[in-house]
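There are two complexes below, and they share chain A, which is joined by chain B in the first and by chain C in the second.
Moving on, here comes the complex of A and B:
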């Protein structure tokens, strides 16, 4: 296999909160994203998924581990080229765009500062970027408040694309949008991947969104990956109990009249005092004594070599090989 | 016929914005049977939250009820005036999307719950405390004795929402109004809160109005559903029937634009265009600029919710086409025919196509 576009090696990010302790937001995450691949990162609030995105863009300095993007090891100080390689799209485009700048001013500033096109080509490139995100040229004259939420998110994506990144990090890109326009933004990511060969790290709490768009999915719990697999394998045959619980709790249109099963009692433990052993054992419906002592590693769920053409399916659970008596998600 | 737990008739709310005013809620009517739930679904700005606040007597200063009546178990409630909210005690209670801002940050949560029995029901301090502990237990909070003395910041989002529900229940209401109570919560916590609402309905005969933007949640909690678009109800009916075969193009569009875990992995079908500014609603049917069934008459004819039997109603001029033909096929054919409608910057409605 070719060298992946992005490699995270045992990434850790900790924050010291005075009088509280050390929050282990990201606690040893390894992940690869290939060029043109969309990888979904799912988990509940506080699981560290956004912090991973911020470590890649350099907004958060990792306390340990490596971020390798496009062959470059990204450290604390980054060259303009390194900074351009990964770009972020945020949840709320209303607060991530400067309200005083026209769309043209936002894009032109980037193109000039990074000297990406000759001066006389700036206008042409701005129009090209608008076309790429499905907006008319006239939109360049508008200010953010004149656009709807979906249109603003398109502008935010155009801004990210202006510096020609290899990787787009989309942090909850549709969570703030109305349902009727979410789909258009999801389709835009798919379209950009096909046209530009762009890789996307899709960070979301919404399993349906991740399932629709991703090639590969990582499920996170309390700072580490609980399960990592190709999309279809993960949704058809989830092996980590936490993944199952998430899938059970998600609202579905096909289950009219059936109240979702919480599956879990209580709230996630604090990331300051991680539970001993498996970090999920305090809430796990399947936990046994061993789970509170021994931390499971992220290992293949199938013995032997990975299936032809398929990638390995990994889960961090002592019982990843299959739960006696536990039915699969679908037939 | 039984007397409905909550009856809303012709509710119309106007909001003043600068010199102009617009209808944020326009002629909304529904009835909720005792111990049942009704879901009100719509996107941001459709008027769903404002309609709840109007029922609760909690409208912001710029808004006022210009028409309509609200009755709880046959008792009419006044919709304006200072006493409006007070009059609802024992009838109605409301919980909000963000329990973090709805709770008093500098008062112990137990005291916030005990306030109602003490001041409203005239209980002694000791009895009120007992009652608060009972309520904390009732909403599924472990170790109520300890939690009584907690401040809101010490609690997680899910626990805060449980505290909100306990406060709401303290006045012994018959109807609970829920304004997106789980939107700010994680899915596993959301499932816990939904389960609690179902249990309360069964144990206490509580009726629930559940406002949300997510159709899937309504399907899991509510027997009946009202779909709202641009200040009006566009479709109402029993939830399974509405989700199975929507009889308004907007409901169909909403269903098909959502990505769902149970759907085949086909591309979601977004609704073209964007939501209209509530102050500049398109003429005629407000959905016509985005509708796949729209004809020139839709722009000029005022449509009202019309009964279709089996408890269903739709506000669509072309509802007979949805009754006789396959709505999905119609939508797809229209999407193919359209030459990719582009909505230029910031213009809502009236782009003169035809």
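Moving on, here comes the complex of A and C:
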């Protein structure tokens, strides 16, 4: 496989909360995203998935580890060139656009400042960006309050695209939208990936969203990756107990009258005092003596060389090799 | 919700067409023309400003021209509001005082407005030690009672317009700084501010083009009431003999000079006082109206 577009190497992010302690929001995450690939990042709220996105865009300074994007190591101080490479699409459409600026003003400023197109081409490019996200040209004259949530999200995506990024970080991009609009926005991401070769890091707590769009999925728990695999492998044959619980807890249509087994009881432990051993052992239905002592590494679930063309299936569990009752996995 | 349900909702183009949208022209202007406070206040302040500008033509006499043979005259066709104790035409003095007090109010406010907005923006945007240092300075200035501080400063710097200007420059910017700082703190946490930063824009550009248009409206609204405060302070200082120095006509000194004759020539004090009240009401209405009109939707 060629050099990945984005590489996170043992990324850590900690926050000191006065009078509380040190929160380890991201605790040693390594992840690769290839060009044109959509990688889903799922987990409960507070598991650090948003913080990873913020580390990539530089809103949060990692306390350790590396962010390498498009061959550039992104540090604390970033050149405009480096900042452009990864763009964020935010969750809340109400605060993602400046109420005082017209859509044209926002887009044209980015195009001019970075000299992305010659001056006389700015207007044409603005229209082009509107076209890319499925908005009409007249929308350029509008201000945020004139648009619906879905339209704002499209405009926010156009703004992200204006600086010609290689990677889009979508942090819960549809969770604030109506279900009918969610699908169109998700399709837009898929569209953009195909037309522009854009890579997307899709951060969401919604398994359906991630399943719909992602090539590869990383499941996070308490700041670290519990399982990482190709989408189909992960949903068909989850190996980390946390992933299985998560999948079972997701509501599905056709289950009328059946309340899904919550599986997980209580809230995740505090990220200040991480549990010893496996960080999931306090809530894991399969936990044994060993789990509270020895922390499992994120390792391949299958022995031998990775399947051709496919990604390795990794899980952080002592019992990743097989579960009683789990369907057999064929390479 | 599962994957197939997500996929069946139709193409993006359809959804956009369904959501629909209208682009209205100049929404702020239209809101302004519908706002009653703003219109009423604007009419009052506009009239006063017009009177102030046209003072040389509206005033019928030289406001400084004394006529000791005709002091304390009753209102008549010759002297619309009578004459004061030095035989000066009260109507002419009132009109010239309007010119002077309004101009003083607006110009005195300019420096605190600009400087306070700058300091508040820097403190709110950069945070950290810059904010700590600037906020402590603001706290120290705020710790003094406002009028006592102004009066003391005028006393130290010197009476008259120069003293007033310097006193307000030193004491009045903190209110702007504090207001703008808190709105900047809110603005810079917005996702659009993060987007501007990750879009590779410089701090200066983000502050000037993105943050300030959202925060300065607060300062503008406050400036309207601040003009009232300044005029009141000038009037108060004039009353205390620290303000505008004779023979320059000014509402405050007119109130002060007239009070000796309160029982027989009550209008000498009362009418300049009413002028202050009307100005205050006008500017407050403009401030209220602007707050409504400029509030982002």
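General observations
Criterion: the second predicted complex is superposed on the first by the 324 of 331 C-alpha atoms of A that agree within 3 Å, B and C clash if a C-alpha of one lies under 4 Å from a C-alpha of the other, contacts with A are read in each partner's own complex, and residues count from 1 in each chain.
Note that in this section a residue touches a chain if its C-beta (ideal position, glycine included) is under 8 Å from a C-beta of that chain, and two chains touch if they have at least 3 such contacts.
Computed from a predicted model, the values in this text were never measured in an experiment.
Of the two partner chains, chain C is the only one touched by A:83; chain B is not.
Contact with neither chain B nor chain C is seen for A:293 once the two complexes are overlaid on the shared chain. By the touch criterion stated above, A:44 is placed in contact with chain B alone, chain C being left untouched.
Of the two partner chains placed by the overlay, only chain C lies in contact with A:188; chain B stays clear of it.
Contacts of A:57 after superposition: chain C is touched, whereas chain B is not reached. In the superposed pair of complexes, A:160 makes contact with chain C only, with no contact to chain B. Within the superposed three-chain model, A:96 lies in touch with chain C and out of touch with chain B [touch as defined at top]. By the touch criterion defined above, A:180 lies against chain B and chain C together after alignment on the C-alpha atoms of chain A. Using the contact criterion defined above for the overlaid structures, shared-chain residue A:267 touches chain B, although it does not reach chain C.
Comparing which residues of chain A touch chain B with which touch chain C, the overlap comprises 134, 136, 138-139, 141-142, 146-148, 150-151, 179-184, 186-187, 206, 208-209, 211-212, 251-253.
Considering their complex, residues 1-3, 5-13, 15-16, 19, 21-24, 27, 190-201, 205, 209-210, 213-214, 296-297 of chain C touch chain A. Of all the residues in chain A, the ones that touch chain C in their complex are 57-59, 79-81, 83-84, 86-88, 90, 92, 95-101, 109-110, 113-114, 134-136, 138-139, 141-143, 145-148, 150-151, 154, 156, 159-160, 162-163, 179-188, 191, 206, 208-209, 211-212, 251-253.
Residues 43-44, 142, 156, 158-159, 186-192, 194-195, 198, 213-217, 219-221, 239-240, 243, 253-255, 257-263, 265, 267-271, 274-275, 342-346 of chain B are the ones that touch chain A when the two sit in their complex. Those residues of chain A that touch chain B in the shared complex are 44-45, 134, 136, 138-139, 141-142, 146-148, 150-151, 178-184, 186-187, 205-209, 211-212, 235, 245-267.
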